[in-house]
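We call the chains A, B, C and D, going by the order they appear; numbering starts again at 1 in every chain.
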Amino acid sequence: PRDPLGAEFSRIDLLRTILPKEVLRQQLTIERYIKIPEEVRERYLAIGRPTPLLRARRLEEYLGTPAKIYFKYEGATPTGSHKINTALPQAYFAREEGIEHVVTETGAGQWGTATALSATMYGMKSTVFMVKVSYEQKPMRKSIMQLYGGEVYPSPTDLTEFGKKVRKENPNHPGSLGIAMSEAIEYALDHHLKYLVGSVLDVVILHQSVIGQETIAQLDELGEEPDVLIGCVGGGSNFGGFSFPFIGNGRGKKYIAVASAEIPKFSTGEYKYDFPDSAGLLPLVKMITMGNSYVPPPIYAGGLRYHGAAPSLSLLMKEGIVGWREYNENQIFEAAQMFMRTQGIVPAPESSHAIRAVIEEALEAKRANRKEVIVFNLSGHGLLDLPNYDSMMKRVTSNEQR
Amino acid sequence: PRDPLGAEFSRIDLLRTILPKEVLRQQLTIERYIKIPEEVRERYLAIGRPTPLLRARRLEEYLGTPAKIYFKYEGATPTGSHKINTALPQAYFAREEGIEHVVTETGAGQWGTATALSATMYGMKSTVFMVKVSYEQKPMRKSIMQLYGGEVYPSPTDLTEFGKKVRKENPNHPGSLGIAMSEAIEYALDHHLKYLVGSVLDVVILHQSVIGQETIAQLDELGEEPDVLIGCVGGGSNFGGFSFPFIGNGRGKKYIAVASAEIPKFSTGEYKYDFPDSAGLLPLVKMITMGNSYVPPPIYAGGLRYHGAAPSLSLLMKEGIVGWREYNENQIFEAAQMFMRTQGIVPAPESSHAIRAVIEEALEAKRANRKEVIVFNLSGHGLLDLPNYDSMMKRVTSNEQR
Amino acid sequence: MLVVYMTLGYPDNERYLEFMEEAVKNGADILEIGIPPKYAKYDGPVIRKSYEKVAGKFDLWSFLPETRKVIGGTKAIALTYLEDWVQELDDFLCKLKRAGLDGVLFPDLLIDFVDDYQTYSTRVREKGLNNVIFTAPSVPDKMILQVSRQSDLFLYYGVRPTTGIPLPITVSSLVTRVRNLVDNKLVVGFGLSDENDLRKALKAGADGAAIGTAFIQAIDNGGVKQAIDLVIKLRSVLDEF
Amino acid sequence: MLVVYMTLGYPDNERYLEFMEEAVKNGADILEIGIPPKYAKYDGPVIRKSYEKVAGKFDLWSFLPETRKVIGGTKAIALTYLEDWVQELDDFLCKLKRAGLDGVLFPDLLIDFVDDYQTYSTRVREKGLNNVIFTAPSVPDKMILQVSRQSDLFLYYGVRPTTGIPLPITVSSLVTRVRNLVDNKLVVGFGLSDENDLRKALKAGADGAAIGTAFIQAIDNGGVKQAIDLVIKLRSVLDEF
């Protein structure tokens, strides 16, 4: 990480103020393994970890592939995605520091939900700045955060100087993740609260590595040796958490990171120093990025609407260790529907990107008559994304009718 | 079952026409155990059975009870409730008979969802008559059925004579489960399709007994002997499927069936012969009932808006083997929120009735300092009921402010 | 043991008597005479329709004795619903006896009067009538065992929940279960006219079958002659065992 | 080994020279002279501000030799970003040598020029300068081992991602890791002024510490005297080991 040239304040120093100390320490660690605190392990158990590793046998049959397809189902957690894996330890470390109130931002709502639940589980309050347009379009996401005891505000708000400024310029501003993040950080600074971070940082991937660790153990129990590991990439935390333990232990032969063709960061992004956040409040990091001022188009897989990829993942891709794919919404809808109808699970639109890559790998294995083992991370279910699928379905149907 | 006095047609004979033969055979069986066909077991595995038996340790801590609380989590299935347990075998038996298209009705949508997925999994079409007001108010439920490949119609429709008649009388009729059921049965008869049945019948409870069988095995593995078994009752299939294996094997000391205080069938219903359906198309059965013409008030726990309780359950209650409770919406909202904030899982409003009883039992155990083991069936998650919880939250909050 | 059912006076008094007479001649062991009830709860549509057709066509107590004249010494029992007679049971039973019947079968006894079935059984026997008890798959093992001791002539076991509708069931396991429980002669009924089902029931240890709906349908289709042909056929199936 | 850093000409030319002279007298083993870069990417706010303050206050190549006059034979290395000089590297290195410096440390060498670090190291050595290499926790083990062979005087290990900000880290494990890898003298820097941290680093096997931000803050707060007091104190901590 670096501070930008001519910085008015040190972004690196800011981390020290807003992050729980232990979170920052883990961000800077070089330990190969870090023990999960007993208090976090207990909560992991309480939310249903280890999540199941399931075989997609019906999908295999449908595709007629000789490949075996397994998936780690992170949607089995109560908040419906992998996000809870890092929200819990971050909340725990904040609580251990004596913090009584945490704050964050959320776009589509997955991260805010995980934060609200984790805060409640450790007896803290939580405040979530939710991008206004999502707040209005995804009322269920707002509801679940409130049910978990979170305070949710549609950002931009009048609670921060930054929010006020934005609203003054445009009272009907729909908000953005960058603005919400800026508000959350400002709010944390003003109220001496701690800020929880949802992706990109190494510490987040560290926490998410519980996914990959569990998957390795589960595959070992089944006596399976994985060939291909696949995950989707927003900031990179689910992909990293899933695949890095495999890469680090020399398990698997091929690692595929899947992004959205509408936010084509792998095919068109540059590898350079950039801000992880739109507002430029965080230190610069070196990553594959579309630029922090890039405005992503409104795709349904909200979690993939991020301009960059975590520095560690970017480096592995740059070094050719991790490969990539990009798919558009038609392609992922097709994959999602195939998965739903064979396996029953409604995947999150984000995770459907991974599914598309799995299907293509499995068909490739069929052509080559290769008995490989494909494992992917189903990072979340799509039950709260049903309105999105509905819109996709209508669009696809109307395309077909033309 | 009986045909009603002066019946124009035999309801019992109708069953033969609309139900898959093996379903009806199982309805009439006296076997103590019936083997689950291998093809159904495979699908059970594919949808994540056995579902987890989890300990609600955080809830125990919060209540400060010496009791241990376990719950069987049926919300872990892809369609989010226990309904899939019977939809799968019914669809399988239909398919085995060469049927290519099944039909059913659905109120809140859980049953229709399970039917649509099960039909798809066995390569059949499905048609679901969904109560119009739910169709409009629960668009996500409609979406998921369509995504699974189901045809969904808002009932009353013009597809049946009965629907046409209702619409002629009132073009804006909001529909009812009784009307939807009548339409589904008429549609099945007219098109020579098979009808899948969601609750009440013994065969449905038979299929649902996979819940209780699994729970017994899981408790045995943990070395726990259950004292109290609790579940909520709509038609009785989740409660029966969960508790009957315990009752039949002499496991447990106390069985509590929980209904809604707004549909007070246990406290005010009569034990008599009545139609299981509002339209009176099915044979009369002897059960605890509010009368088949009873119009349930619009509570959020749509699955509990049923006028009766399965004959087998009614008999066990009548014989004093199964006890009961009834709770109102304020009470269950409180329980749901407590559960969400301690365990993270958003329970279905229906299942929250069971949770309320569990909490009261656990507090009773605390007063008596009794180290009992309470096990309940969390029949479904409430992720698609979030708008309902949102409304409850608003109402409770506004009550508090008064 | 072939138990032949016919609704009293069906399709008309004359042909009813003709059928009863011929049935006995052609192998009926016991006759079961359906007295039209107010609400034939546990009967299927064919028998229900037969009740409707004969309603009001005769005076019960004067016509019933006619049967005895044509069947000679063959045992005959009345089938009717206790519900209709429970208020005046002693009177009803005395009349039955006087009308020449040997016994009575109430299909609703164990379902709707289960708590008092012993009282009613005792009263039937006290009047010198055979008490034939109707059981069904839904009756618990323990109760079947208990009631079997109070059933005369045979124990009637209705394998389906209603008469005359070929609902899919596994006859053999249903019968085996009761066969292993009781010592009585076991007569199986309710939709048993199918030859396959009948053979399965006999193979599983039933001592006989009670057939009704099939005779009514035979009379409707081809008159008494066709019904008697069916008696002959069923008799031959039974004789295989 | 006490490595004392000061930004060239801070807070002004006179006091800079006074500090350097006194530092040597009071125990500095090696001096590290910060040449203001265009973009101090890996420096914290205190050092960045010091660069801004001295910018334009001297001519680099005429002022730099002044240092040598006051420090006698003590080793002095320049700290500056390769980025600024990469286009004219040979010329820059020659000038450094002529200005009386013993070596150079580029903090961005392994981060931004990793693919060519050997070429640059070789060029530094060819000019008769010591090549001090800067490594960090994010550098992989294998690379630390490789570069350690090309580092003269000592291996510089910056335990935090930036200077002068006490980010929470576990100093001991960070140092142990490198200590077990390399044979060089190991000097630990980046936020190491805290006595606890320093002791932990030394206990874990570090041979010395490079301190910078703390001296600038001391000069700002209490002038050269206070900064020299700090030199004395750090020296005494080092001498414990």
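Basically, a contact is a pair of C-beta atoms (placed from the backbone, for glycine too) under 8 Å apart; a residue touches a chain by one contact, two chains touch by 3 or more.
Because the structure is a prediction, the values reported are computed rather than measured.
*Asks:* If you average the CA coordinates per chain, which chain's centre is most distant from that of chain D?
*Replies:* Max centre-to-centre separation from chain D belongs to C.
*Asks:* CA centre of chain A versus CA centre of chain D: separation in Å?
*Replies:* Roughly 39 Å, centre to centre.
*Asks:* Take the average of all CA coordinates in chain B, do the same for chain D, and state the distance between these two points in whole angstrom.
*Replies:* Inter-chain centre distance comes to 72 Å.
*Asks:* Distance between chain C and chain D based on Cα centroids, please, to the nearest Å.
*Replies:* That pair's centroid distance is 109 Å.
*Asks:* Can you list every residue of chain A that touches 2 or more other chains, as numbers and ranges?
*Replies:* none
*Asks:* Going by the touch rule set out above, what shape does the chain contact graph take here: line, ring, star, complete or other?
*Replies:* Per interface graph, the chains form a line.
*Asks:* For this structure, give each pair of chains that are touching.
*Replies:* A-B, A-D, B-C
*Asks:* In their complex, what parts of chain A are in touch with chain B?
*Replies:* 42, 46-48, 52, 54, 57-58, 73, 76-80, 84, 117, 120-121, 139-140, 143-144, 146-149, 337, 340-346, 383-384, 386-387, 389-390, 393
*Asks:* Mind listing the chain C positions that touch chain B in their complex?
*Replies:* Checking each residue of chain C against chain B gives 38-39, 41-42, 44-45, 48, 137-138, 160-162, 165-170, 173-174, 177.
*Asks:* Going by the contact rule at the top, pick out the chain B residues touching chain C in the complex.
*Replies:* Those in contact with chain C are residues 1-3, 5, 7, 9-10, 12-13, 15-16, 21-22, 24-25, 28-31, 283.
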